[in-house]
Each structure stands twice: as structure tokens, then as C-alpha cells.
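In what comes next, chain A is part of two complexes: it sits with chain B in the first one and with chain C in the second one.
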Partner chain A sequence: MNTLQLEHISYLYSAGTPYEMRALDDVSLTIRGGTVTGLIGHTGSGKSTLVQLLNGLNRPTAGRVLIDGEDIWEKPKEIARLRYRVGLVMQYPEYQLFEETVRADIAYGPKNMGLSTEEIEARVLEAAEFAGISRDMLDQSPFDLSGGQKRRAAIAGIMAMRPEVLVLDEPAAGLDPQGREEILGGIRAYREKSGSTVIIVSHSMEDMARYCDELIVMANAKLLMQGSCEEIFSHPEELAAVGLDVPQITRVAELLRQRGLPLPESIYTVEQAAAALRQLMGGVGR
Partner chain B sequence: MEPFIQVEQLNYAYDEDGGQRRRVLRDLSFSVERGEYVAILGHNGSGKSTLAKLLNLILTPDSGKIIIAGREITDPNLTEDELYEVRRRMGMVFQNPDNQLVATIVEEDVAFGPENLGVPSEEIRRRVDEALALVGMTKYAHHEPHRLSGGQKQRVAIAGIIAMLPDCIIFDESTAMLDPMGRRDVLRIMDNLNRERGITVLTITHYMNEAARADRVLVLNDGELYMQGTPAEIFSHPDRLAAIGLDVPQCTDLVHQLRDAGIAVEGDCLTPAQCADAICAACAASGITFAPPRT
Partner chain C sequence: MTSITLGQYFPGNSLLHRLDPRFKIVLAVLYITASFLCKSIWSFAALALSAVVLILISRIPPSFVLRGLRPILFIMLFTVVLNVFLTRGETLLIDFWIIHIYLEGVLTALSMVLRITVIIIGTGMFLTYTTTPIALTDGIERLFSPLKVFHLPVHEFAMMMTIALRFIPILIEETEKIMAAQKARGADFSTGSLMQRAKALIPILVPLFVSAFRRADELAVAMECRCYRGGEGRTRMTVLHATAADWVMLAAMILFGAVLLLINRFAPGFAL
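Our next item is the complex of A and B:
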């Protein structure tokens, strides 16, 4: 369920002009339903173009986008309905808040879907909870909230449509550590509860390692790698070659292995590193 | 010797709807030495960016003093020439590179500052070339800024500041929007400007491992100075940081978790190399040995 497939996708900007630019070049991949998948890549690697294809904002120049086997461009006139199924939270979504109250802003999507008043209210409350928006914030103007709260309100507005696929472009950029954790934790909670597929674009390897099941690595308009965090972060040289990195903790583990410590190659969170070292060093200092 | 930047009892409040005032900085005092590299941490809304804007007079404080190189810039009799001199000396690089590039050609963008200062054209040429070389963007001199990557744009923005020969550069989350390579490049340039050229660097960041590179860290909480010290001192208090929504670099976190488990690992451990050294030393100290490294 909620499985996304890209088949030989290419996308050209300004096709047929001297400024023609190939943003995606024959990309084929499958995103398993119900996973949290991280999308990483250098600036200009094609990440944002790719996510805008998933909800039909961009139409591929070549290739097909399939949800549960169905081509999303089968009936081009119905593409707007797709946006309820695939919710896209763009970068800095807080700049798109516009209603008088947070409640009305979150309700905007469900209202457009033609849902009943009770259903809308239920969805607003549910989405607010995932996003960490408290009840008393709902009646405030979104413009009186802090930066992190505004971001969460905007994300709630998409969650309230209960999309089967939730796509977020840099949802935690510019936030402090606690703000990052609140947003990314809320997104995980949404996935647990709804079973939706979640795709997160981020430049923070540490955040990706903590919150994603699978990673897709884009480089120069092509798919470079796809796999579990463990598989992807065991290729530090390939990642560095395309302007990416591994989490800091993975580098510590690599340095320790070089000095002979028998650590597994699958360390990409601090908890994993601490557990492995406790096993090796257990008796030290006690 | 007197400090390069001296901030005394600084207060600032924003106007809100309904005539309310929201206090952002409360009796904030600190100083920065010439040539220091200082990181400023704090949760969103703690007053960091407001402070940055006060330091080059984009904003003026409600009360309190800011003294830069011996001159009180908050003096109501500050002349317009002196104001512009403050802005030249205290360069600023913002978060979003797209908001700070003004020209259609890279080298013209870098020349924009010195042109406005009335610098003679041969001198501008010299400064632009030097600034672009410093940030490694010489070969892009004739490119259009909007076609560059985020990291490249940010390097051009930094070159534009360098061309005004500042004493100090304030980086306000200048790496927040960059990919890992862009971030690495910008951090390396910040280090170089500070260590090779003696430029005072103030960097506002939410990335703890970036703060670990500084000489000193100031932590703001609700507009007040919450902690200050070397990165090693600051990051040895993970609980105090967590209480205000911050954390510590992953390396430091690992060592704290090991210590909590009763494993004695000594040292500061702010970087992967320090962390690996400390763990190997702890193993050696307790007689745990491993096979020699594979080569």
C-alpha cells in the first residue's frame, strides 16, 4: 500500500531553449509503502524536482510516476485530487500561512476536500496533536506564533488532509535541536498512526540517520544509491565524492576501526556506538 | 587592553500588535576580544539574531551600550559617517544567500560594497580579485550568481563582505541552508578568515559541532546570557543545555553516554579525532588491547 514507483523519469527545465537543463536523468526507483525514506543529495542534484513530481506539481518530460501501480498522469484533469493523496510540505512552509487563526489555516485543506464540519474539526485536532500544536494555539493568529510553531502549524495543515504519502522538503531547516526533534518526532508519529509513506528531504545526515528507514541518494540528476541507513552510510567515500557526508558518529566508529577496535560497520547513531563500545569496554573503570 | 566589542546592559523589545512590547534582550552584557572566534547558541527566539542586528546598528537598543574599538556606537551623537563605518567594520552574512546578492555578475556583486564606500576603481579591482580568491570563487567571477549552488552563493556573499575590509564578520546561521559540502566550504573559510587574517568571527548557529570550532561559546536563553566558556566547558553540561532545547555534538554525547555507563573516558572529545583518541586511551588504560590496524 502507498507504494511509489518512478519509471525512467527524466525532467527538463526550459526544454527546447538555450537554457535547457536536465534536472532528472532516467531515474527509476521504488519507495516501499509505510516507510520513512530520506532523500539526500547536493544542491542541484534534483531532489526538489523529484518531490514536485510526486504530487503532480511537475509533469515528467519522460517516464511514469505510479502510486500503487496507477499512473498519476493517467487522467491529467484529475491531477488536483492527487494532491490530497500526496501531501507536499515545501521548504519554509511557514511563509504560506495566511488565515486568521491557526485552526482555520489547518482546516483549509480538509475544507477544500469537501469534508463535513465535524470531520474537518476532528482532523484539525488530530493533525495539531501530531505537529505539537496545543489547543490554546489553535485560536491564535498564526502570525503571533514563534518560528518553530509556525512551521509546525504549516505541517499540520498538510497532515490534516491525511495524505497517504507525506513529502517534506527540509522540514527542520533553521530550527534549534529541540525544534528539530519535535518536528521529526511528530512526523514519525504521524507515520506510525496512519501507516502513510513519508519522504523527507534533508541536508542533515545526523537527522536522516535517526529518523529514516531507507535513504535515496541523488547526484547530478541521477539516482546514485538506495538502501537502508546502514548500507548508505557504509559508503563514506562515495558520499563525500558527491558533496555529502556521513553522520559525525559514523566517522568516530570508522576511526576506531582503523585503530583495531572490532566495531560493526553499521554504526550511524550515538546509541548504536555507545552500545557497541559498552560491550567492548564493559569492565573499564568500574 | 580594552576588548574589541563591549556590550553593557543591553535591552531590546519588539512592538507587538495591541501596543504590547516583547522583550527580546534583557540586560545582556559580554565582551569579545579582537581576533576572537565566538559562537552564539540559543533556541529559536532566544535573541541571537536581534543581537547580531544590534551589533551593526540595523537595530538600535532601547537601553544599554555597545562599544566597538573604543567608540560607543549607541551614542546618540554618532554621525552618519560613523554609522557607515560601523557597518563596514561589522560585516554580516545571513542565512539565505538569495537575499543578499544584488548584482547579475559575481564580480559586480562583490564590488557593490566597496563601490558604495567610494573606493577608487583600481583598488576595487584588487579587492574583488583578492576576496574571490580567498573564498575559492575566482573562476566564477563572470558567472551569474543565481546559477550557482547555495554554498557557492554564500561564498560570493562572504567575498562581498571581505571586499569592505571588515574587522569582524557576523555569520547569522550562514550554513543552515547548505548541503554538507557547502557547509564544509563555508566553515573552512570562516576558520581561515579568523586564523589567517585575524578577522573577529561571531557565528550564530544551531549546529553544535560548528560551535565546537570556536574559541568561546556564548549561550543565550530568553535574551539573557545563560552560559559562556570554551566549547569544552559548555559541552560538559549536556543537562543544562538540554533544559533550554540545545544539545551537544555527537562525539561529546557518545563520551557522556559511556561515562554514564561507568566507563572512564577522559578529555573533552569535541571532534571525531579527539573522541577516538580518548576511547583508545581508555582501552589502553584498562589493559584492553586489539589487533593492530589493518593496512
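Our next item is the complex of A and C:
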């Protein structure tokens, strides 16, 4: 369920003009339903173009996008309905807030879906809880909130549509560690409650290692690698070649290993490193 | 939508591209004046020829220039219809029921169309096609700087124009992003009654205004950080210099006007 498939997707910007640019080149991949998939790649590798194909904001120049085996462009007139199934949180979503209250802003999506007033209210409260928006914040103007709160309100606006697939383009970019934690935690809570498929675009390998089941690596408009965190982060040279990196803690563990500490190779998060070190020290260094 | 360019600047290095923007503004004004001097069919012919010569000098593809005329096609058609049907004259061409078409009407219509076309092409050749918007505002500022004597904020107006021009592509991009974001939340901009469509614009306009004010704020701070305090005592990176070519073009334009007057005087074919 909620499985996304891309079949030989190509996407050209300004096709047929001298400014033509190939943003995606014959990309085929499958994103399994119910997983959290991370999409990584250097700037301009085609990540943002790819996520805008998933909810039909852009139509691929060639190839097909399938959700549960159905081509999303089979009935182009019903593409708006697909956008309720595949919710997309764009980069810096706080700049799309416009209503007088946070409550009304979160309700914008469900209202467009034509739901009843009670249903909308229930969904707004539910989404606000996932995103960590308190009750009193709901009646404030979104423009009075802090940067991180605005971002969470905007994400709640997508969650309130209860999408089966939640796609987030750099949801934690530019936030402090606590803000990142709140947002990524909220996304995890939403997924656990709804069982949806989640796709996160990020530059932070640390966040990816912590929150994702699977990673997709894009480079120069093409798919470079797809696999679990272990599989992807065991290819540091290939990642470095396309301007990416493994998590910092993985490098620290590697250096420690070179100096003779018998640490395991699969260390991608600080928690894993801490656990491994504690074990080495015989459980004393708490 | 990203294909929208302001004006239609066509990069190049022709004689017209290289002229001093101040001279180009003056030349454009003179050229428009010249087009109104035409009174005989022969001076109109000379005017049309001059437009062709300008296009050739600029080395801009004629198809590109003609495409620039498309937006005013309706105005031209309107002028033709009005003149052909409403001008009264002496030589009746068609007299049918309530329709009376006179030769004078047809001639007026033709001369109007030619005049509008030449004005558009002329200003395009001197200004929009061959001058970057920034060079243009620079030229305007310098050309009008004598008005500072009358306490007219010439520099401030020019700075406002520059900033406005600079911001247009940024705001277009911003609009596209916001539209995509609201579409992702199920916004529908293309169906429904006029009222519904106008309402559907609110989710775009509010964030757009918020971001425009934010950008304006940031720009103001950035300018103050670099000690901007108006045009007083400000030096420029590119100083405009009039060259021989500029003076030659100016002389040629004045000569052209004189020639048109002479043609009117000595070859008044179908004088209007």
C-alpha cells in the first residue's frame, strides 16, 4: 500500500528553448509503502524536481509516476485529488502561511477537500498535536509565531489533509537543533499514527541516519544509489565524489577504529556510538 | 512563466547596443517626433525605410522584432476600424446602407498603423531591445540630473526604478513557488466563478506581500550597512562617455527629420 514507483522518469525545464535543462534523466525507483525514505543529493541534483513530480505539480517529460500501480496522469483532470493523497511540504513552507489565525491556515487544505466543519476541526486539532502546536497558538496570527513555530504550523497544514504519502523538502533546514528535533519528531509521530509513507529531502546525513529506513542518492539528474543507511554509508568514496558525506559520527568511529579501538563498522548515530563505547568500557562509563 | 522577461533586451554588440543610453533616450524621442512630421506618402515611405535600416543595424532577428508587435495588434486593428468607418472625406469609395468609406479614411488608417508600428520598432531599437534596464535607468538619471536644481529627487527616482526592475524576476519566482505550495494544499485557480477565482488569489497575494515587505526591509538594512545615503556625493562604477558615434547618430537623426520636412514640401503625394 502507498507504494510509489517511478518508471524511466525524465524532466526537462524550458523544453524546446535555448534554456533547456535536464533536471532528471531516466530515473527509475520504487519507494515501499510505510517506510521513511530519505532523498539526498548535492544542490541541483534533481531532488526538488523529483518531489514535485510525486504529487503532480510537475508532469514528467517522459516516463510514468505510479502510486499503488496506477499512473497518476491517467486522468489529468483529477490530478488535484492526488495532491490530497500525496502531501507535499515545500522548502521553507512558512512563507505560504496567509490566514488570520493558525487554525484557519491549517484548515485551508481540508477545506479545499470539501470536508464537513466537524471533520475539519478534528483534523486541525490532530495535525496541530503532531506538529507540536499548542491550543493557544491556534488562535494567534501565524505571523506572530517564531520561525520554528511557523514552520511547524505549515507542516500541520499538510498533515491535516491526512496524506497517505507525506513528502517533505528540507523540513528542518535553517533551524536550531531543538527545532529540528521537534519537526522530525512530529513527522515520526504522524507516520506511526497513520502508517503513511514518508519521504524526506535533507542535507543532514545525521538526521537521515536517525530517521530513515531507506536512502535514495541522486547525482547529476540521475539515481546514484538506493538502499538502507548501512548500505549507503558504507560507500563513503562514492558519496564524496558527488559532494556528499557520511554522518560525522561515522567518520569519528572510523578514525577511532584506525587507532585500534574495536568499534563496529555500522555506527551512524551518536546513540549507536555511545552504546558501542559504553560496551567497550564494560558498562562503567555512564 | 519564467520566460517572462522585462522589456525585451536582446544581448548583442551592434552600433545601437553600444550607444550611450542618454543619447538613445534623446534619439528615441526625436524619432517619435520625426514620425509625426510625415505628411506625404513619400515621407511615410522614408520612415518605413528608416525602421528597416534600424533593424538591420541592430542585428536583431526581424522575427523577434515582429513578435514584439503582437501585443499592440488589437490597438492597431481598433485604430483601423475607427478611421476607416468614421473619417469623412471627399472621395467616396464604398457607399452601402449605413457604411460610407472614404479614401481619406483608408489613408489615415494606413498612416496611423504605419506610425504606431514605426514608433514601437523605433523605441525598441533605441531602448528596449538594445539597452539593459539598468543602463536605461542610469541614462534617465543622468539626463534628468539638471532638474535637481528644482529639488526634484532624480537620483531617488532612478534608484526606485532600478530596484523595481531588479525585483520583478524575484517576485515572479516567488509567486510561482507560492502557487505551487498552495496547489499542493488543493488550491484551484482555474475553475469557478469570477468571485471564486478572485478569492482563490488571497492565499497567493498575502504571502507575496509579506515576502515583498520582508525583502524590502532586508534590502534597506543591507544598503544602510554599506553606508548608502542617497545620491549626494556618490560616485559611479561605470561613467557614461559620449563617443563620436553618439554625436554622429544624433546628427543623422536631425538630418532625417529635415529630410522628412523637405519631402513633405516638395513631394506632397496624397498629402494628409
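By definition in this document, the second predicted complex is superposed on the first by the 281 of 286 C-alpha atoms of A that agree within 3 Å, B and C clash if a C-alpha of one lies under 4 Å from a C-alpha of the other, contacts with A are read in each partner's own complex, and residues count from 1 in each chain.
The working rule: a residue touches a chain if its C-beta (ideal position, glycine included) is under 8 Å from a C-beta of that chain, and two chains touch if they have at least 3 such contacts.
Predicted model, so just to flag it, every value in this text is computed and none were measured.
Engineer: First (chain B), second (chain C), both or neither: which does A:L277 touch?
Structural biologist: In the superposed model, A:L277 contacts chain B only, not chain C.
Engineer: Applying the touch criterion given at the start, work out whether A:I133 contacts chain B, chain C, both or neither, answering first, second, both or neither.
Structural biologist: neither
Engineer: Would you check which partner chain A:G109 touches, where first means chain B only, second means chain C only, and both and neither mean what they say?
Structural biologist: Only chain C is touched by A:G109; chain B is not.
Engineer: Once chain A of both complexes is superposed, is A:D144 in touch with chain B (first), chain C (second), both, or neither?
Structural biologist: first
Engineer: So, A:Q96: does it touch chain B (first), chain C (second), both, or neither?
Structural biologist: The second partner, chain C, only.
Engineer: A:I249 in the overlay: touching chain B, chain C, both, or neither? Say first, second, both or neither.
Structural biologist: So A:I249 only meets chain B here.
Engineer: If we overlay the two complexes on their shared chain A, which of chain B and chain C does A:H42 touch? Say first, second, both or neither.
Structural biologist: A:H42 contacts chain B only, not chain C.
Engineer: With the two complexes superposed on chain A, say which partner A:L57 touches: chain B (first), chain C (second), both, or neither.
Structural biologist: In the superposition, A:L57 contacts chain C only.
Engineer: Give one of first, second, both or neither to describe whether A:Q178 is in contact with chain B, with chain C, with both, or with none.
Structural biologist: It touches chain B, and chain C stays clear.
Engineer: Could you please specify the touching residues of chain A with respect to chain C in the complex?
Structural biologist: Per the touch definition, chain A meets chain C at residues 14, 17, 52, 55, 57, 80, 83-84, 87-90, 93, 95-98, 108-109, 112-113, 143, 157-158, 161.
Engineer: Under the stated contact criterion, what part of chain C meets chain A in this complex?
Structural biologist: Going by the criterion above, the answer is residues 2-3, 177-178, 180-188, 202-203, 206-207, 210-211.
Engineer: Quick check on the complex: what are the chain B residues that touch chain A?
Structural biologist: It comes out as residues 16-17, 42-45, 95, 149-151, 173, 176-184, 206, 208-209, 245-247, 249-251, 253-254, 257-258, 261-264, 272-273, 275-276, 279-280, 282-283, 285-286, 288, 290-294.
Engineer: Given the complex with chain B, which residues does chain A contribute to the contact?
Structural biologist: 41-44, 144, 146-148, 170, 173-180, 203, 205-206, 243-245, 247-249, 251-252, 255-256, 258-262, 270-271, 273-274, 277-278, 280-286
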